[in-house]
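Once you scroll down, you'll see the structures, which are given as C-alpha cells.
Consider the two complexes below, in which chain A is the common component and chain B and chain C are the respective partners.
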Partner chain A sequence: MNTYYAANLLIFAGVDIIACIALNLQFGVSGIVNFAFIVFQAAGAYTAAVLSMPPDTAADYSFQIYFGGFNLPFPIPWIGGAVAGALLAVPIGLIVLRNLRSDYQAIALLVTSIIANTVINNARPWLNGAAGLALVPRPLNPIEPVPDSYLYFYIGLTAVCVALVWFIAARIVNSPFGRTLRAMRDQELAATALGKNPVALKMTMFIVGGAIAGLSGAILVGFLTFWAPSTWLYPETVILFAAVIVGGRGNNLGAVLGALLVPVGLEEVTRLLNNYVNIGPPNFIPAMEWVLIGLFILGFLWFRPEGVRPEGHKVFPEGFESGVRVLGDRD
Partner chain B sequence: MSILVAAFGFGLVSASVIALAAVGFTMQFGITNMINLAYGEVMIASAYVAYYVDQRGVSIWIAMLIGAAFGAVFSFLINRLIYAPFQRKGTSLLGMVIVSLAVSLMIANIMLPIVGYFPVSYNERFSTLLRFGAIALTVNQIAIFALAGAIMVAIHALLRYTRLGKAMRATAANPTLARNCGIPTQRVIDAVWLITGALCGLAGVVAALDSDSFTISSGAGFLITALAAAVLGGAGQPYGAMIGAVVIGLITEMSAAVWSPDYKQVVAFAILVVVMVLRPQGLLAKRGAAAAAG
Partner chain C sequence: MLVATDVHRHFEGMHAVDGVSLEVPRGQITGLIGPNGAGKSTFMAVLAGTMPATKGTVVFDGRDVTRIPAYRRARMGLVRTFQLSSEFARLTVLENLLVAAPRHRGESLLGALLGPGYWLADERRIVGEARRLLKRFGMSAKESDYAGNMSGGQKRLIEIMRALMLHPRCLLLDEPMSGVHPRVADEIQGYLQDLRRDGLTILMVEHELHFVEQLCDSVFVMAQGKLIGSGTMATLRRQQEIVDAYLVG
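This part shows the complex of A and B:
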C-alpha cells in the first residue's frame, strides 16, 4: 500500500464523513429527504474551482471555457465553496420546502438534481459543460507531482474540517434546537402546535447542510483537481442515503459509521474486486455494486430501519422530575 | 410562423407519448398512494424487451404489445414483492419514495450489463412522411397519436363505466370504506398495477420509437416528463395528467423549435417549478386523487 493510495482512501473517507454528517442533519435529524444533496456538493466544488483557477484566457487553461477564474489563495476557495452551498440552498429551499407535502419535496429535489446536471452538462460557456473543469489548482499550489509531505498535509487539512463539522453537528444535535428539530421530524403537527415554525427550521437545516456539503465538494475538488457533471449524477446522493440509513439515522456517530461502511468500505471492496477478479461483461461489478446499494437500503429499511447504531432514546438522567427541574431552570 | 405550426404537430405527438406515461404514473399514485420513481426504468426495460423482439424480425406494433405485457407483469411483481410488503409494514410515504428510488437504481443496474451503454433503435424508426400544410408527420407519429387517443378514451371508459373503474375510484377515495363496502381492494390494487404497468410498458416503447434511438439512461428523462405532466395536472388525477401532457408536450416542442432541443426537459422542469410555487395541488385540484368527474 503506497502513500498515494492511503491518502486517497483517507481523504475520500473524510469527504464522505462530512457529507454523511450533513445529510444526517437534514434527513436523519430534521426529516428533510434531500435527494438533491449532491448538487450542493457540486456547487461547492465548482465554486472552489473557479475561485482558485486563473481566468480561462491563461496559457494552460485556454482549452476550457468557464466564468470567473479569480486565482484566489487557499482558504478563500474552500470558504467560498461552503458559502455557495449555503446560498444555493436559499432559492431551492424557498421553492421546495414552503408549501409542498414531504413526499412531493423529495421528488421535487430529485428532479432538481437531474435537471441541474442536464443544464450544466449541456451549457458549455459556464462551467465547460460535459468535459468539466480540469487542472484545478491544489491549495497552496504545491509542485507536481505532489510530494508525500503534501499528501499528509492534505489529510491533516481534511481531518481538521471533519473535526470542525463534527463539532458543529454535535452542537446542533444536542442543543434545544436539535430537540426541536427531532420533535418536528417525529410529530410535525404537534411541534407546529407548540409554536415551532417548521418551514423556518427546515430552511435553517437546508442552509447549514448546504454549506457543509459545499465544503465537502471544495475539499474533494482540491484533491481530485477536476470536476465534471459525471461526478455528481443523482445516484451519488443515493449512496449517501444508503450510508445514513445503514449507519443509523439521527445520530452523528451513525452517520460516520455509515460513511465508513458504504461509500468507503463498499467502494473499496468493489474496486479491489474489479482489479483482480474478471467475471461477467465489462462494468458488471460496478453495476452490481449499485444493485447491492439498493439492496442495502431495502434490507435495512425492512429488517433494521434504525441502522447499525440506533439513535437511542433521549431521556433526562434522573427521570422525569429532573427533566421538569431542568426545563424550569431554562425559563 | 410555419416553424411554430410544424412544432405544434410534433407537440401533439409528444403530448401523446407523455400522456400514455403520465396517466399510468398518476393512477399508481392516486389509487395505491405510491410515488413510483422506478416508473421510468420500467418504461426503458419494456422498450428494450420490445427492441429484442423487434430484432427478431417481428413488427414493432406487435413488439409493442409484448413490451406492454412485460411492463404489466414487471410492475405487478415489483408491487407484490417490494412495495406492498413495505406498505403493509407501515412505511411512511417518504420511506416509500426512498424504497422506489432504490428499486429504480437496481433495475437500471441489473439491465446495464445486459443491454450495454450504446444507443439502439427499432427497425421501423423510419416511415413515410405525410404533409398537412406546414405540419409534416411520419406515419409512425400519426399511429402513435391515434393509439394514445384510443387509449385515453379507453381509460375514460374504464374509470367511468365499468365496475372495476368504479371500484378503483372508490379505493382511491377511501380504501377502508371501500373495503367495508365489500370491494376487494387487494384485487383492485393488483388490477391497477397490471393496467398501469401495461400503460407504462406501452409508453416506454412508444417513447423509444418516437425518439429515434434510446439508451439505458433515457429512463430518467422519461420519468421527469411523466412526473411533470402528472404534477401539473394534479397528482393522482388521470384527466389532469392528460391535460398536463398536452400542455407540456406543446410547450416543450415549441420551445425546442425556437430555442434548443437540448433543453426540452429543462422547460418541462421550469413548468414544474412554476406549478409547485403557484399551485402545488395541480390544475385539477380535488382531494381523493383519482376521482373522475361525476
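This part shows the complex of A and C:
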C-alpha cells in the first residue's frame, strides 16, 4: 500500500467520521432528519476554497470564475468553513424547523439540497458552476507534488479535528443538555409540556451540526484541492445516514463505526473488487455499491434498528446524589 | 388559579371547544367529565398551550397566558400530562424525571460544553429529588429500566412524577387512570389526595366516575364542545340533561 493511498484512506476516514458525528448529533440524538447535510459540508468546502485561493484574476487562476479569492493563510479558511456551515444553518433552520412537522422537515431539507446543488451547478459566476473550483491551495502551501511528510502532517491535522469534534459531541451527549435533546427526539410534545423549547433546541443542534459539517468540507477541499457540484450530490447524505443507522443512532462511537463501515469500508471494498474482479459490464460493481447501501439500511432497520453500537443506557450509582460516586458517561 | 373565558377551538368548521368558561379553584381537585368526543382533551391542550385557542382567554394565577407558548406556561407552573402515554421511551425512568427538572446549569449548549465541573452539583441535587419522588411513588426499583418497557400504570406514574419535578402550581391531568390496573389506579388516587393535601391545584379529565366522585371537590361536564353543567357529582346526578348526556347508569 503506497503512502498516498494510505493517506487518502485515513483523511477520508477522518472527514467521514467528523461528518457522521455531526449527523448523529442532529439525527441520532436530536431527531432532525437533515437530508440537506451535504450542503453544509459543501458550504464549508467552498468557503475554505475562496478564502484560501487568490482572486480569479491572478495568474494560473484566470481559467475559472469565482467571487472572493482572499488568499488567507491556514487555519483561517478552515475556521471560515465551520463558520459558513453554522451561518447557513440559521436561515435554513428558521424556515424549515419552526413550523413544519418532522416528516415535512425531511422533505423540505431534501428539496433544499437538490435546489442548492442545481443553482451552484448552473450559476457559473459565483463558484465556477459545474466545472467547480480547482487549484485550491493546501494548508501552509507545500511544494507540489507534496512529500510524504506533508501527508503525515495532514493526517495529524485531520486527527486533531476528529479529536476536537469527538470532545464536543461527547460533552453534548453526556450532559443534561443531551438528555433533553433525546427527550425531544422521543416525544417532542411531551418535552414542550415540560418547559423545553423544541425550536430553540433544534436550531442549536442544526447550527452546531452545520459548523462541524462545514469543518469537514474544509478539511476535504484542502486535501483534494478541488470542489465541484458533482462531489456533493444529495445521495452523499444518504451514505452518511446509512453510516449513522448502521453504526447506532444516538451513540458517538456508533457514528464512528458507521463511518468506517459504510463510506470508508464499503467504498474501498467496491474499489478493490473493481480492480481485481471482472463481473458484468463496466461500472457494474460501483453501481452495485448503491444496492448494497440500500440493503444495509433496510437490513439494519429491519433486523437491528439500534445499530452495531446501540445508544448508551445511563445508570446513576447508589449515593450519586450525595457525591459518593462520580458520573459515568454514555459511551 | 386558572380561569378560562369563552374558549373556542375550531378545526376547519368543526367546533371541538365551543365557548367554554370555567374557573379552577386554588388547592382543589376539579374534575372535567363528558362523553368521548366532548372536547375535553382539546380544552386541556388549549389550557396548557400545546394547542392555540381560536378565541377566548386563559388566565393563570392572574396573568393572561393565552398567547404564551406551552413551554413557557410549563415554566410558570401550569403543567399537563397526556391522554396517551408520552414517556421518553429510550430514556430510563430516572432520566425521564431528570429531564423535567427546571433551572439545570447543564441544560444549555454552553453548560454542556463547560463539562460536569460546571453542572454536576445541579445533577446531584435533582437526582436526589427524583429518587425521593420515585420512593414516594414506589418505583425506586425501576429507576434504571427503560421507560418504554414499563407497564401502562407505571407509565402513568412516570408522567405524574415527571410533571411534579417541575414543581407545578397547577397540574392538568388527562385521564390519569386510563388503561391502568385497578390496584395501580387506587394507588394513583392516594397520590393525588396527597398532592391536594400538599396544596397543589389539579384539573383532571377522567372517565372513571367513582374516582371523580371520591377525588374531585367540584366537577364540570362537557358535551359537544360546550359546558353543560357543574357542581358536585351528587348535584350533577340530579340534573336530567347531564344524566342523559353522560351519566347514564
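To be clear about the criterion, the second predicted complex is superposed on the first by the 318 of 331 C-alpha atoms of A that agree within 3 Å, B and C clash if a C-alpha of one lies under 4 Å from a C-alpha of the other, contacts with A are read in each partner's own complex, and residues count from 1 in each chain.
Here, a residue touches a chain if its C-beta (ideal position, glycine included) is under 8 Å from a C-beta of that chain, and two chains touch if they have at least 3 such contacts.
Since the structure is predicted, the reported quantities are computational estimates derived from the model, not experimental observations.
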First, second, both or neither for A:130, with chain B first and chain C second: neither
Touching partner for A:180 - first (chain B), second (chain C), both, neither: second
Partner chain in contact with A:290 - chain B first, chain C second, else both or neither: first
Chain B versus chain C as contact partner of A:119, first or second or both or neither: first
First (chain B), second (chain C), both or neither touched by A:90: neither
Which superposed partner A:196 touches (first chain B, second chain C, both, neither): second
Set intersection of chain A contacts, chain C complex versus chain B complex: none
Residues on chain C engaged by chain A in the complex (per definition of touch): 48, 50, 69-72, 74-75, 79-82, 86-92, 94-96, 98-100, 102, 104, 106-109, 111-113, 115-116, 119-120, 122-125, 127-128, 131, 143-144, 146, 162-163, 166
Sites on chain A touched by chain B in the complex: 31, 33, 35, 95-96, 99-104, 106-108, 110-112, 114-115, 118-119, 122, 234-235, 238, 241-242, 245, 280-281, 283-284, 287-288, 290-291, 293-295, 297-298, 301-302, 305
Chain A-touching residues of chain B, taken from the complex the two chains share: 35, 37, 82, 85-86, 89, 91, 93-99, 101-103, 105-106, 108-110, 112-113, 116-117, 220, 224, 227-228, 231, 235, 262-263, 265-266, 269, 272-273, 276-277, 280
Touching residues on chain A, where the partner in the complex is chain C: 168, 171-172, 175-180, 182-183, 186-187, 189-198, 204, 208, 250, 311, 313-316, 320-323, 327
